[in-house]
Amino acid sequence: MPLTPEQQAEIEHSRSETRQTRRVVAEGLETRLYEAVHCLDHGFVRVVDYMGDDSAIVQAARVSYGAGTKQARDDRGLIRYLMRHRHSTPFEMCEIKLHVKLPIFVARQWIRHRTANVNEYSARYSVMDREFYIPAPEHLAAQATSNRQGRGATLEGEEAAEVLRLLRDDATLTYDHYQQMLNQTFAGETIDETRAGLARELARMNLTANVYTQWYWKVDLHNLFHFLSLRADAHAQYEIRVYAEAICEMAKAWVPAAYEAFEDYRLGGAQFSRAGLDAVRRMLKGEEMDAEKAGMSPAEWREMMAALG
Amino acid sequence: MPLTPEQQAEIEHSRSETRQTRRVVAEGLETRLYEAVHCLDHGFVRVVDYMGDDSAIVQAARVSYGAGTKQARDDRGLIRYLMRHRHSTPFEMCEIKLHVKLPIFVARQWIRHRTANVNEYSARYSVMDREFYIPAPEHLAAQATSNRQGRGATLEGEEAAEVLRLLRDDATLTYDHYQQMLNQTFAGETIDETRAGLARELARMNLTANVYTQWYWKVDLHNLFHFLSLRADAHAQYEIRVYAEAICEMAKAWVPAAYEAFEDYRLGGAQFSRAGLDAVRRMLKGEEMDAEKAGMSPAEWREMMAALG
Amino acid sequence: MPLTPEQQAEIEHSRSETRQTRRVVAEGLETRLYEAVHCLDHGFVRVVDYMGDDSAIVQAARVSYGAGTKQARDDRGLIRYLMRHRHSTPFEMCEIKLHVKLPIFVARQWIRHRTANVNEYSARYSVMDREFYIPAPEHLAAQATSNRQGRGATLEGEEAAEVLRLLRDDATLTYDHYQQMLNQTFAGETIDETRAGLARELARMNLTANVYTQWYWKVDLHNLFHFLSLRADAHAQYEIRVYAEAICEMAKAWVPAAYEAFEDYRLGGAQFSRAGLDAVRRMLKGEEMDAEKAGMSPAEWREMMAALG
Amino acid sequence: MPLTPEQQAEIEHSRSETRQTRRVVAEGLETRLYEAVHCLDHGFVRVVDYMGDDSAIVQAARVSYGAGTKQARDDRGLIRYLMRHRHSTPFEMCEIKLHVKLPIFVARQWIRHRTANVNEYSARYSVMDREFYIPAPEHLAAQATSNRQGRGATLEGEEAAEVLRLLRDDATLTYDHYQQMLNQTFAGETIDETRAGLARELARMNLTANVYTQWYWKVDLHNLFHFLSLRADAHAQYEIRVYAEAICEMAKAWVPAAYEAFEDYRLGGAQFSRAGLDAVRRMLKGEEMDAEKAGMSPAEWREMMAALG
């Protein structure tokens, strides 16, 4: 369960209140505000705040005085033009703030995207919760044999059972010892009066990388799309892709025209190299091509042919 | 007049509409939203959108589930603690978007602050307005004799009159020729059918640096404070300080507790060097000090003594 | 002439000295170091310093202990792989510092690339040189009729002559008045003892946007490639493209393998949308396609067909 | 031992070669280049490359044509002026690249400084080394009772012994299981032919946060100083401070004048608030002050009085 009843109540309370504003409002996102979308076994992602909507992109591109929109149709066309020609600054005019609960090893991958604002739960200051990620059996993938960075078939039988047992036992054991070293239960109660307890900033080093942490993460729409193009991709690690896909749904509700353009030109598109373009040209003229004739490496050729279905 | 009647009407229209939102609302800023605060002779700055308020700073610092505030009193204390200890990330959780009309030479100084999002009116694509900054007589400062970067006394009499005349005549002349080269009036009408008209991206080079441009500028609160600490400072050039001071008022209305902490710890504070601290220590013990005894340069000593009143 | 004899002598002096270093050295760039490559009528760009070479990209990608290179052949393959898959962080491990002299209107476009370090010549502090850009007759383009942002045919005859005359006269006149307001000649000599002279930070507003400024600009290779992909592109304004093309030559001499990959995958490549990929697929199966069938706008279709030759 | 004999040999090899360059050379840093400075029990930090030296700061501040230096004395004065007045851009003209081996929990704190370039050893792609940080007994601090974020007295006797035992046993156990799940020894040899082995990107989640990772980290001098001002501070966690202090020595060897200014104005200086300045003023006039009279919180008063010795 990613949320305690108290947390759920706080969220419900935030959702129950509405206020008047003169700002632009994204209706599609308002209904989802604050709500936690579950990810993995104990994680979630939820929108905590946002600024702007599709019209804000148009308004900035035109540096206009009033609301962005004259006609929704023109706006969509302009947004597609901006996306196609990589005019990224108008997309930076929208901003979103997320609250994310995620395993540490996922957080370490996520934070590599530097153009964002982050406030993480501090394990120097606070005690971490006893929650860790254990993959569902269907996500217990073997190492890929062809690709050093990827996943192969799903583990089965005794091997799978043992992996699950090890992950669960080790996370439990190291967390137990974490508490023991702190000489505290989670509620902060001292266990043994004769002991001082190790500093939190040190004890945390005993926790495994599947322990859950939390952060507030704020990013503009241009950088969010860049994040999603890498992390909602089929080659991204499953455990971060789950979050990226949940955020895709949020973006779609928030800025539908921009998201559609993003899907058409980025997620669903492909970049061709000079040699790739040349190969396509020759194929369109009826020539039989292969990697060698095209002057491409086998891997590059395979990737291009996959993009061409 | 910085605004045409049409622009004023668009702003009034935006101000007249309110919507329901579940987001945090900064009441103090809502009443000022969209409104243009006049700066210099034809410029303005206005808030077009914002995200968060004081409670958002606290909420992020605590990575909490509900609204930031338990008690306003605790919040203020936490915000002051964060400001004092330069914990800057919680302040990055608030964001503001401004629409600014400003002379090009001010824009060139402003843009040196890189951690912000900008969309500027494009002189490649559009025709610039015939509006340029002419200083009021009381701001017609002479070059400082002591400080190569500063302003001295105000120019007077015939010299002042001539400077004003030159600025006005040259801006008018170069703008006239800009239009002539474009072979267009501002409304885009062709003047002489036998001429093609120079490309806008070239014709703009004939305009002087006091011509007004416009942009949307979006920044987080931490970086806004950094901008204000440099540009609302007494050593900043008057023409940018006017904007910074107008933005200070907006920030005060938006995040009153954070702004108060900013005033106390940044705007109204001072940094002392190792030598300066040592000198103060010795003065507190009754010793008579001067620059030489303190091992400080005369300029540094003067700056420190000024901070100490 | 972009350089005075004194400046040329300083550059020659810098070029004449060599020192011992344990750092990686890019032989191809060493021979060009400090040398000014002329751009436009009075501008230049020159490499003032650099860090790393192709091997540094490989070394960072492998987080290795020794020099990057085992075999130049493997390195080239890895660099191409990184470029193709947009693994941008290893390219950030190379850095270059340029000294650029450029017209203000070009500088204003250039500075929109924010992920770089900049130190510009200060017109608050110093007096600007009397140098301004006047286009060569063959670059005196008319406004494009089809594209609001572009250039059309070259102006000719009387219209061209008048444009050149206006540009030259106005830049000269406003510079003369700039000096008059400062009450100084360029060497800093006072002209009229009875006058105080306007502050430099104010007088500069009388200068036109074709006056030359200078800056030091430092950027990592990933962000340099992004800059070049936009500014060395055929759609970039000619006056900035000249600089970008000069920098392309420098990059080629500095990191030949990375530059080759950049040319193949970025400069010479093209991004296809979802609809574009689908259209190519159908064309490869022999179907006759057009914009409408493909569900693409005429402009997008035209752009894709241009990429396919 | 932080380095294997092979790694040590690679480093020695890099150190043994020198090349000719026309670039600025920082003699003080050349002698230390590539050399690993040991930090904690298995970590290190070493300079892999650098760009610029003190003269480069001066050169950029003056936007000059030749080398920065006329007279070393003037340069030092200018550098101090720039530091005192927070003119940060000239310091951004120097860049340094470090190779760091550090425990994951230190890396997580370090990466919060976002304005830097990073390439980390990939645990998706490669197998992590069996090396983890175990604090020396004298750094086994208890949780501070007064400060939720700090360290108190050193643990002793049985409690200390047990903490060390737990840390060591848990890191060993989880690493053993990591290898078992991978079905590989470190050299990549399969242990049990009947098993597929869990994907590396999953198995890594079983490792504790004291396991060592590595990265290349590249940063400009301004941002390096900001990092050092926070992490070489007495309030920083010991485990990151060790690295920061080692880097301070490197910076001192690289840019001695800039480092001296940094020490005088940042490390050894202090920021006073408006209320603090007022209190000092009154104390200098002979008034007896305390927190209440000064209108400061007890904590703030205490911090100020500590700065004043």
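To keep things simple, chains are lettered A, B, C and D as they appear, and every chain counts its residues starting from 1.
Following the convention adopted for this analysis, a contact is a pair of C-beta atoms (placed from the backbone, for glycine too) under 8 Å apart; a residue touches a chain by one contact, two chains touch by 3 or more.
All values reported here derive from a predicted model rather than from experimental measurement.
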{"item": "Listed chain pair B-C, A-C or C-D that repeats interface A-D [over half of contact pairs the same by residue number]", "value": "B-C"}
{"item": "Which of A-B and B-D has more C-beta contact pairs", "value": "A-B"}
{"item": "Centre-of-Cα separation between chain C and chain B, whole angstrom", "value": "28"}
{"item": "Averaged-CA centre spacing for the pair chain B and chain A, given as whole angstrom", "value": "35"}
{"item": "Residues within chain B bordering two or more other chains", "value": "89, 112, 118, 120"}
{"item": "Interfacial residue positions of chain B with respect to chain A in the complex", "value": "3, 6-7, 10-11, 13-15, 17-25, 30, 33-34, 48-52, 56, 59-61, 63-67, 89-90, 92-93, 95, 97, 99, 117-121, 214-216, 218, 220"}
{"item": "Interface residues, chain D side, partner chain B - complex", "value": "77, 80-81, 84, 86, 89, 112, 230, 263-265, 267-277, 280-281, 283-284, 297, 299-300, 303, 307-309"}
{"item": "Residues on chain B engaged by chain C in the complex (per definition of touch)", "value": "103-105, 108, 111-112, 114-115, 118, 120, 122-126, 133, 135, 140-144, 148-153, 155, 159, 163, 166-167, 170-171, 173-174, 177, 180-182, 195-202, 204-210, 237"}
